[in-house]
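Each in structure tokens, the structures are laid out below.
Two complexes are shown next, each including subunit A; its partner changes from subunit B in the first to subunit C in the second.
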Partner chain A sequence: MKLSHFFKIVNITIISFTIFTFKVCAVESIDERVKNLTLELRCMTCQNQSIYDSDAEFSNDIKKIVKQKFEEGESDRDIKKFLVERYGEYILFRPLINYNNIFLWSFPFILLVFSLFFVIIKTKRNKA
Partner chain B sequence: MSSLVGFLSLVFAIGINFYLLLSRYIFKFQKQKFNLFIRLSSLLTLLSFFSLMYAYVVSDFSNYNVFQNSHSNKPLIYKISGTWGNHEGSMLLWLSILSIFSFFFSFTKNIDESFQRLTLIIQSLLHILFGLFIVFTSNPFLVNSILVNEGLGLNPILQDPGLAVHPPILYGGYVGYSIVFSIAIAGLFQNTDDEWLYVAKKWSLISWTFLTGGIALGSYWAYYELGWGGWWFWDPVENISLMPWIAGIALVHSLMMVRGEQAIKKWIVFLSILCFSLSVFGTFLVRSGILTSVHSFAADASRGIFILLIFFIVTGFGFLVFLLKEPKKSNALNLLFINKVSALVINNILMIIATLTILLGTIYPIIIEVLYNKRISVGGPYFNSTVIPIMIPGFLLMSVAPILSWQTNKINNSKKYVLAFIILSVLVLIQSYFLDFNTWGFVGLLLGFWIILASIIAIFSSYIIKFNIKFFKIINPHVAHIGVGIAIIGITCSSVFQNELDFNLNEGDKFNVNGKTVLFEKIETTNEINFQSLRGKFLFDIEKNQSKEIEAGKNYYPVSKMITSEAGILHQWNKDIYFILGDQKNNEWFVKVLINPFVSFIWLGVIIMVYSGLMAVSRR
Partner chain C sequence: MNRIFILTPLIVLLIICIFSLVYLLSGKDPNKPPSALLNKDVPIFESSSLYNAMDIIKTKDIENKKILINFFASWCSPCKIEHPLFFEIRKKYPELYLLGFNHKDPPSDAKKYLEDDGNPYDFVGVDSDGLIALEFGVFGLPETYLINEDGKIIYKFMGPITKDILKNEIEPLL
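After this line comes the complex of A and B, so read on.
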């Protein structure tokens, strides 16, 4: 059996599992949502620590605010927007996908696509 | 006195290197004499380093650097490690390690004489650059202008056995790339045979192994000293060490390709220059004060500019030679879908993309601040969602890569691997339902187990099992990859399946952790030599006779008026139970308990990687 077949099988299994996975983890409790969101926020008074991990006064306040806002039914995006207005984009560990950061986010995938082309072209040439 | 000796020998060492640099064009040396001078300069640099260390050990506060960074009532080990616990001293350590590498390289046998000499001359050039940097901007031998009996003390967070050995090991990696750089440049100039590739392979493996050890020590230190429960934070300084490490993986693997018939010299030279440039660039970022961290010490703009200058000289010189003296065109790569060559090419591409992504993420906030005067953060979530997906195909491939053929795209026993992969996927899926299902957890566990399993199948089906050194050398690539697999399992479990429990407790309370009863015995305060300690004492699993005692608390260092947290960790083979003592509120102590499953696997994986790095060095 050729390896290409082998990799096809590997791909199919991975894709089907991933689809499966996304269906499984649909519902999250409020505490989990608070955890997931505060893990991506910077504690402004600490050194490179997330709000979730930090016990600083600032972090505890933000945790309370985030929890309260989730209970009021606001979405992740609303809360992030609120925090950015108050503290600036510096608070977000995950940079926003906007005009300024487009290069940051697209760069790895552009590189990946280019190198993929490079490999495919080189491989084809060898076969011929 | 010792400061004077140190300064003079530092200057003399630089002088000798100038002499050697000129010697190429002016004086003609015998090989013996040339090597003698190289060794002399190395010994002088070491003498300079040890005289600084001596000043630290005897607490000679007439030395300004000692006065700034030491204190007479520190334990001896921290007096010694204090030598490199500051900017000036650590740069001297950097230079000393550079000359140690030159020293050992001058003993290399079976190597073209003029090639060796050229390599050492490039080392001399680097020695001069960094030496002048130390003399003019970071002199550790300045005389203290006032008479004092006591120093200002070392940053308490650095007073730790892990951090005492972390910098020398890490520098072994960073600076080790300097010799790889010099070899590559010398190889470009001589451009005769490919012998230098084997020499480069050995030294790049040595550097990579040091770097692995250094990074692991650093993150182990972060794990038990910072008291945050994690061990990797995508901190800029961590990223900086990760870049040459990943580029080093690419370098080591492309040097493997030399054993097959196609030497991709050009790419290897590029990577060698890149690795050392990244090391110097990392030093610049950390020491210029652009990034704030425990590593940055006192910021001084002139230093940053000087290192930036060195960076441009080194990188510019490197890439200029690279462009002008391009290696002869080697034969085309034998790329097939999928043989060993293409697997190694894919590895290289992915590693370089990962390196560049980390580089971009690390400097992007600086770029944005300069352009738009706005502060943004690029943190863990960015790297997790860019770097990790890029690496995943590489992880899939590495399981079988060592047994792929150089020529064809056939793989022996491929049915076995497919079967193993399918069974494994089902097993991992089933077990993941028992834990909370998590995509990353699933992918990580599957990858980790797959790498281990495939490597084991490969070992058993491709080689005859014997228990001698030769056999272990043959299977070494698989062993290294098993190490990576184990580390991936550890990383996945400890980050995805970490469990956190919070308690508010009085002394004497009992509470439940993971089904075991824990007693919060008492709070104790003691006075140590150079700090006051506050410890919460816990007895873990009191129902058993051999209950274990855990201490978690804080230290207060009066000299520098700093508090450090000291986590109490109970190590078990399958999990770490991590106690953090918080503050007291309303007569109750806040206690956080983290259950980190399989953390020990990370360190085990790293130990295996270091082992196989050493094994690969001894190969040939």
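After this line comes the complex of A and C, so read on.
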């Protein structure tokens, strides 16, 4: 490979990386943050709809509160905590990772370990 | 070893079935999750009276009392269904403080509703912007809360209370 080609590839890589970093780190607008957060919240009065997708009065109220809290400088985590304190974890589509949900989060991994164990033993037995 | 291979998935399936059965038989409605505020302190609130804006009720004013809080509105049909029961409660438990929060209602409509159907409440607070309801975790009307003398929420009911609910769930706590 010619040296010039090598530098071209390096340049392209650096530019791509810079664009990617800029995109990731760019400050999201408040509306985008509201959208992203409310997509993770359950509309308590609808069937399997996120607060973002719902036009129910409850959802519209929560959207307003979320927006107001973002404008006051609160983080996603603070807002989720505020809502969970009032509506419970039911309002979150994704359960929190905490002591109460440890079994829920660890069960797939426990199942995976057991499955691997059985597959390894079975494979060994078949070889023998 | 072969036995383990056959039995393990069956045992796992059995455990999952037992969990599902216990949940189904518990009678819990997944659409009516338990209140996150149950057994917690009553939220801090401040509300003016529907009849006199200068008359204010605050969390402090309801300390050391057993209180039944009801969120209602004139536009809420199920509220009308449960409304007469509050008169029964009023009559049977005169020492119980009945606090009504009128939720997102034009005051004139709320006043007319209470004039037509009667006013069983000791105090009717205005929650015009829904912020008090938000503090209580209300997500649909009507909702009823029972607060004990220590200021803890000991009971919450979503939807219109019925005679059965009053007899079997609320009265034992009064």
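One rule holds for everything that comes next: the second predicted complex is superposed on the first by the 82 of 128 C-alpha atoms of A that agree within 3 Å, B and C clash if a C-alpha of one lies under 4 Å from a C-alpha of the other, contacts with A are read in each partner's own complex, and residues count from 1 in each chain.
Here, a contact is a pair of C-beta atoms (placed from the backbone, for glycine too) under 8 Å apart; a residue touches a chain by one contact, two chains touch by 3 or more.
Everything quoted here is computed from the prediction, not taken from an experiment.
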{"item": "Partner chain(s) touched by A:D55 [first = subunit B, second = subunit C, both, neither]", "value": "first"}
{"item": "First (subunit B), second (subunit C), both or neither touched by A:T45", "value": "second"}
{"item": "First (subunit B), second (subunit C), both or neither touched by A:Y87", "value": "second"}
{"item": "Partner chain(s) touched by A:K122 [first = subunit B, second = subunit C, both, neither]", "value": "both"}
{"item": "First, second, both or neither for A:Y99, with subunit B first and subunit C second", "value": "neither"}
{"item": "Subunit C-contacting residues of subunit A that also contact subunit B", "value": "88-90, 118, 122"}
{"item": "Residue ranges of subunit A in contact with subunit B within the complex", "value": "1-4, 6-7, 9-10, 13, 17-18, 20-22, 24-25, 39-40, 42, 47-50, 53-55, 88-95, 100-101, 104-105, 107-108, 111-112, 115, 118-119, 122-123, 126-127"}
{"item": "List of subunit C residues in touch with subunit A within their complex", "value": "1, 5, 8, 33-37, 43, 104, 130, 134-137, 139-140"}
{"item": "Contact set on subunit B toward subunit A in their complex", "value": "228-230, 233, 235-236, 292-293, 332-338, 342, 345-346, 349, 353, 356-357, 360-361, 364, 368, 372, 374-382, 385-387, 390, 396, 409-411, 414-415, 417-418, 421-422, 425, 429, 437-439, 442, 582-583, 590, 592"}
{"item": "Residue ranges of subunit A touching subunit C (in the complex, touch as defined)", "value": "44-45, 57-58, 61, 65, 84-90, 114, 118, 121-122, 125"}
